[in-house]
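Just so it is clear, A, B, C, D, E, F, G and H label the chains in written order, and each chain counts residues from 1 on its own.
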Amino acid sequence: MAKGRIVIDEGRCKACRLCTIVCPQEILELSNRLNDRGYTPVEVTDMERCTGCGLCAVMCPDVCITVYRSVPVRKTT
Amino acid sequence: MARELWKGNEALAEAAVRAGLVAYFGYPITPQTELLEYLSHRMIDLDRAFLQAESELAAINMVYGAACTGVRTMTSSSSPGISLMQEGLSYIAASEVPVVLVDIMRGGPGLGNIQPSQSDYHQVTRSAGHGDFKSLVLAPATVQEAVDLIYEAFDLADMYRTIVVVVADGNIGQMMEPATMPPMRSIKTDRPNWALEGANGREHRIITSLELGAPRLEALNDRLQAKIAEIRRNEVRYAEHLTDDAEILIVAFGTMGRIASTTSDMAREKGIKAGVFRPISLFPFPDQRLEDLSKQVKKILVVEMSAGQMLDDVRLAVGKDVEIVFYGRTGGIVPLPDEVLEVVERIHEELNNG
Amino acid sequence: MAEMVEKLVYQRPVALTEAHTHYCPGCTHGISHRLVAEVLDELGLRETAIGIAPVGCSVLAYYYFNVDFAEAAHGRAPAMATGMKRANPDKTIFTYQGDGDLAAIGTGEIVHAAGRGENISVIFINNAIYGMTGGQMAPTTLEGQATTSSPRGRDISLAGHPLKMSELLATLDGASFISRQSLHDPKHIRRAKKAITTAFKVQQAGLGFSMVELLSTCSTNWKIDPLTSLDWLKENMIPYFPLGDYKVIDEVKSL
Amino acid sequence: MHQSVVVSGFGGQGALFAGQVLTYAAMDTDHQVSWIPSYGPEMRGGVARCTVIISDSEIGSPIVRNPDVAIVLNNPSMEKFHNELKPGGILIVNSTMVSFEATRDDLVVIEIPGTDIATDMGDKRMTNMVLLGAMLAVNPVVSIEAVEQALKDHLPQRKQHLVESNINVLKQGYEKGIQAKAHSSN
Amino acid sequence: MARELWKGNEALAEAAVRAGLVAYFGYPITPQTELLEYLSHRMIDLDRAFLQAESELAAINMVYGAACTGVRTMTSSSSPGISLMQEGLSYIAASEVPVVLVDIMRGGPGLGNIQPSQSDYHQVTRSAGHGDFKSLVLAPATVQEAVDLIYEAFDLADMYRTIVVVVADGNIGQMMEPATMPPMRSIKTDRPNWALEGANGREHRIITSLELGAPRLEALNDRLQAKIAEIRRNEVRYAEHLTDDAEILIVAFGTMGRIASTTSDMAREKGIKAGVFRPISLFPFPDQRLEDLSKQVKKILVVEMSAGQMLDDVRLAVGKDVEIVFYGRTGGIVPLPDEVLEVVERIHEELNNG
Amino acid sequence: MAEMVEKLVYQRPVALTEAHTHYCPGCTHGISHRLVAEVLDELGLRETAIGIAPVGCSVLAYYYFNVDFAEAAHGRAPAMATGMKRANPDKTIFTYQGDGDLAAIGTGEIVHAAGRGENISVIFINNAIYGMTGGQMAPTTLEGQATTSSPRGRDISLAGHPLKMSELLATLDGASFISRQSLHDPKHIRRAKKAITTAFKVQQAGLGFSMVELLSTCSTNWKIDPLTSLDWLKENMIPYFPLGDYKVIDEVKSL
Amino acid sequence: MHQSVVVSGFGGQGALFAGQVLTYAAMDTDHQVSWIPSYGPEMRGGVARCTVIISDSEIGSPIVRNPDVAIVLNNPSMEKFHNELKPGGILIVNSTMVSFEATRDDLVVIEIPGTDIATDMGDKRMTNMVLLGAMLAVNPVVSIEAVEQALKDHLPQRKQHLVESNINVLKQGYEKGIQAKAHSSN
Amino acid sequence: MAKGRIVIDEGRCKACRLCTIVCPQEILELSNRLNDRGYTPVEVTDMERCTGCGLCAVMCPDVCITVYRSVPVRKTT
């Protein structure tokens, strides 16, 4: 299981590439698909490498990115 | 409530307080300043909002802000200050928030002087700045009427979600007359259903005057025009003096209206059948009644403390069938009863010789 | 190895609506909207907040924030905010303004709101240009920067030096918290958020006027792509508009 | 009944207040009243002036070109209203301060050394009340009792301690007015 | 000079330069901005004064300052910006210094939108802010006419020492049409005898709009009114299209005027005798000619990109003897020839059935 | 003993007309008029000077200066001066403004004139009140000072702290010379004159924006006599508005 | 002669410029002309559109509801003008970018793979010229030579080096237009 | 001969007394005369003591005072 995972709301993406340059794992790239508004939304090239660091979401002006991170289950008594 | 002697500006202030004024913003300017000064202690004593703004421009936008939250709010100024409010007024009109504005007019144009005048007529009746809109404009002739009109102005503003202007020349602001104050209203705690108060458990609300799409902006304009039409139907006010059998009809508003009454009394003593039609609502202008009267009288004399501004509205109401004579003084000079009488006498002579 | 579970670490703030913005690709107006929304969520202020949109590219901010909003006349948002706050001291009132709006036509209103210590929060987007009207010179346009109304670059001898609003307003006794931050990379964006949080906390605590200036990009009118715009901001704007807190009164420090 | 009374002097001579007291007295005895100050550049020039209308019917114009009565506290006011008073008008003159001599013979002119009297009685700032009292003697548009009552009722709280002295001065002015009237009708 | 294709805003700018514009001050606002942008390099190249002001309020007062020194100066804006200039305009009018103002109107009220509109009519024709004054107001319908009118505007402003407003809807600012530019005038080095230039070897000069004494302010107003009367006598401009035998007269100005011409051509094809009266000077309004025409036609149709503002002037000119129909669109919607034709057809039918 | 001859050591400056002013007895507007006139005489600038009177008690300054003069709208003198100077760089343009005029309604215009480094000189009369309109609170009214619109004294929590305009404007790069002086005694009046001289020299040298703030009295609206007013100024205003030069750029130092 | 031509596409597709070139060509061959852009909120949405009127008499309305000719560079423009063109109107379609299919049978529809051709010829930003050339073939409102001359005369200095390639592309479009016309009249 | 001498333009004087408190010789006082505008202008109680220091003129808001000072004649050759 990867450490992190992101979900991109492709319809919102404007292909500005701001997220791509901040991803430490360099796993974000523009796709070739066109969304409804004529942009080619970003996609994850290798989700396995995602750390869930959230930097892409911090940078995204269009709030396209939801971020998950795998954490150890804490057992409470 | 007992009759008390009130200075016009202070009476307007106190009546506004009693009408439930929650927030006042203004800037000093003669001959309006006593209104602001009065509220500077009265509002604070009542724990309501009073602020001397940095300018009239700021004041009208403060009022705009307060109005967006659905509270009763007003500002007051005099002619140059009103000019500075034109953009704000246009925004307020387009946003359909209720605002009361008092204009105690002084001599213009420019810095002019601080003497009484009526030369903001066009500015207050013809437009609230750019774009198509008209404020509801009320012009009192006595301190008591000023009190009554401003008290009602807040209701009208709320009812139509419009700007209501109470406009008077400097005399009304400065003079003292007996007036009975209306009762103190309690301030409503529930706000109207369009007011901004935080999106708590409901959809967020927006107050804006921007409609980028032309059809939507036209729809907004249609709504505004419908409102104006309704105001035209419902809010016409005027007073008459000796009009029943008048042959010469003097049309004048505010202080000029009461001065004209004195003139008509003097004329009657000389056997001249003069009467006075005094529009109280300048918008909506009482054109129907005036048109009716115009069919009965032989000549109309319009008297203003300006170069002739209400004159347009009289002409529009009456058309070209009755001759309209204009007499105006500018620069802060108030036409006195006797000089108006001279004009009436001249007209009377012409009528008899014609 | 411990059992793992997936935790949501970032999602769209509740204080934003679902609307798509009209902003150009990469426009940092979007980032600052998000930050403000996150702060409103975190401080639990969304339900009492009233925002004021400016005239400028962010004029439609009212569609994007899930918050009650008014739209001000160009430059007058601080006056409008004053009116709202005076009539409703219990509400959270903030303005969102561009540099043309706040630093040009609205100078009088912002100086006096700050001077009075008006208990409002101001988000000030400095992108060194008039975005909405197509890229004219702003009071914040840098020396030599070409715009459609300074096509050969801002000439200091004609247009004067760019205005530093944070520095200016910080001199006023009524200003309690003034900070300039930048939106060009995640590190700075986080700092910007912290400053915005402080600004709203200042208001919550009734401490007076707070403003966060955010250095922003306008790739469309700078006529460079969004990524290069971030660099341009960093290399040109930050040296002239140094980042940092310009005013933090003691009561704010202990918030 | 319809009467216009002007009170005019330098700023500080109490012209506006005298006019107000008269207005209150008339209002409280069920007349229609209006009081209007001159405001404008003259104020800066140190002029203080008001017009009071007292009437039994609704008041039209609150200002008049030719007043019925003028109380003039200084020279410039004397010059102005000596000219402007209507024929048969009443001119109450503070002779202490006025050197200009009335030449019109269609006026009732009552000269009272108001400032002297007020000074003698303790405060020259009460000149206005001397002259007002004198006017009431010649022109009883309201009763002196009504004016006394108005003073009691409407002098602001912080000036209530001055009520008595003002009333005394008013009465003194009234006496002088009676004498002067007797004299002038000789 | 050759015909060239010009964008309206830039053509206005270049023609102003050629008329001898010495100092321009303005603030960006759509749909006027290209005017400012053009001058931002053109004026600098010519070593003349160009400054982007901090606001419209500042711009009009900068213009006021420059005008006091007797140089040709102008500013330009669009509706909300014009509202912000009202106080300054009133001062300028009262001070009798020559100023040219361009208003490229957009949809209102409030922020409205940036689409073409004619809803500043009242604001520009009825008052320059508070007080009694009217600017000379010219409304071009083509880019060439815009060029010619603004070129002349500077002469008129100087001659009457007045404000001249060139007013057009956003279409005129944005469209391109061929225009021939007038020759470049050299800038006069001698200043008028009222201009401020330093009290060197003469009495010091004063330019003020303050007249504390009412009689003096009235004298100033009398002078202004005399000037307005003279302008009324001399500066009436209008254009006519197919009016000779028109039974239905369309009255429209600016872009609406040319659209109405297309409508009347279409109407003629259907056998309807429609003609167009296009006021070019909105103040002075060509009321005499319109009144004359009204006696010949059967009905008048007023078409505006507003809720009906010029309508007042038509009514004032025509009185109540001819029926006046109004058709207007607001919010930035431009009535197109075919929809105006529909109205004309309806009127035509009524005439034939009535 | 040497033969003596009588020398004229002080006479009415040529740059003043013979008109009597309308100012109240002891009003220091008169002093500042005189100082400006003396400086114009001494620098030989009267013939090229154009002054701009404000809306305020000094609105009629144009009658008192034997100098070409215009009268501005309330607060807009710096904009008007800008228009004049841009069209006439060779003239000496100065504004004369009160604290309501400059620090309230005219804030935007003064900040931008200073920010642009507009080559004009501003004489700023700070008397902590709106004189002309009868004594309302000004932005410069001191804490606790009673005025007709703050009858119980300026309440900082409602009206904010008094604005310090010299400090504010001194932060702007375009401001070349900013000085605050006082008119309460001859020593300070002489210093004030020196500052006014510098301001006009700055303009002569084309060095940009100069302003001299003059602490003044308004005995009428302060409701104390002219002599006590001087003391009040000294004891209350100077501590809050410290005297001195707030901005002197290097080129000015070497004038 | 009186004709209205709309050119419409995304921002960056050169719709405004194509309209201007046509306008220049018509003006320089002594026609009356007007060119007016859509400005307003659509611009922000990335729409660029202009209306050109070419006429032998004075031009009244510079805007029309139902144009005679439309050059559509993208789908939204196609949808709009397919609807709005007047009966018998001419629709020049950039088929590379337009998927929407014409259904009206009262139009002359000319489909040209403009972007493909322009890309092939070196720069897809010349799509506008391909389509303009094609229009001239079908609707010779001005001659192609006039348009070539207009390009030479009015392309701004800094773009003069592009004149030749633009002319080539224009000619290519013209050829394609001739072919398509022949085809469509079959 | 006194060291100094001043001439007071009595018509301008507004009796504000600002000059009186700055005169080091304390020779300025309000008179009892009324001028045209109703003020009691300042007068010099003892001109002999005037030093011509000019402080009164520096202080006077109404520019009422002209100042002369006696200086030794300088002979030039």
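Here is the rule we use: a contact is a pair of C-beta atoms (placed from the backbone, for glycine too) under 8 Å apart; a residue touches a chain by one contact, two chains touch by 3 or more.
Keep in mind it's a predicted model, so treat the numbers as computed, not measured.
Asker: Would you kindly count the fewest steps from chain E to chain H, each step being a jump to a chain that touches the current one?
Answerer: 2
Asker: Touching chain A and chain C alike: which chains?
Answerer: The common neighbours do not exist; no chain touches both.
Asker: Centre to centre, using CA atoms, which chain is the farthest one from chain F?
Answerer: The chain farthest from chain F, judged by C-alpha centres, is G.
Asker: Which chain pair is joined by more contacting C-beta pairs, B-D or C-E?
Answerer: The comparison resolves to B-D.
Asker: So the centre of each chain is just the mean of its C-alpha atoms; given that, what is the distance between chain B and chain G in Å?
Answerer: Spacing between the chain centres: roughly 56 Å.
Asker: Any idea how many Å lie between the Cα centroids of chain A and chain G?
Answerer: 42
Asker: Could you state the distance in Å from the CA-based centre of chain F to that of chain H?
Answerer: Inter-chain centre distance comes to 26 Å.
Asker: Would you please write down the residue numbers of chain G that are in contact with two or more other chains?
Answerer: Residues 40-41, 44 of chain G each touch two or more of the other chains.
Asker: Indicate the residues of chain C shared as contacts by at least two other chains.
Answerer: Expected reply: 59, 71, 73, 104-105, 107-108, 112, 139, 159.
Asker: Do you know which chain H residues sit against two or more other chains?
Answerer: None at all.
Asker: Within the complex, which stretch of chain H touches chain F?
Answerer: 1, 4-5, 11-12, 14-18, 21-22, 37, 39, 52, 54-55, 57-63, 65-73
Asker: Under the touch definition given earlier, write down the residues of chain B that touch chain F in their complex.
Answerer: For this pair, the touching residues of chain B are 27-30, 33, 36-37, 40-41, 44, 50-52, 54-57, 80, 110-111.
Asker: Quick one: in the complex, what on chain F touches chain B?
Answerer: 55, 59, 71, 73-75, 100, 104-105, 107, 130, 133-134, 136-137, 139, 148-152, 158-159
Asker: Flag every residue of chain E that touches chain F in the complex, lowest number first.
Answerer: 22-23, 25, 49, 51, 53-55, 57-59, 61-69, 71, 73, 87-88, 91, 95, 196-201, 204-210
Asker: What does chain F use to touch chain H in their complex?
Answerer: 2-13, 16, 20-21, 23-31, 33-34, 185-186, 189-190, 226-227, 230
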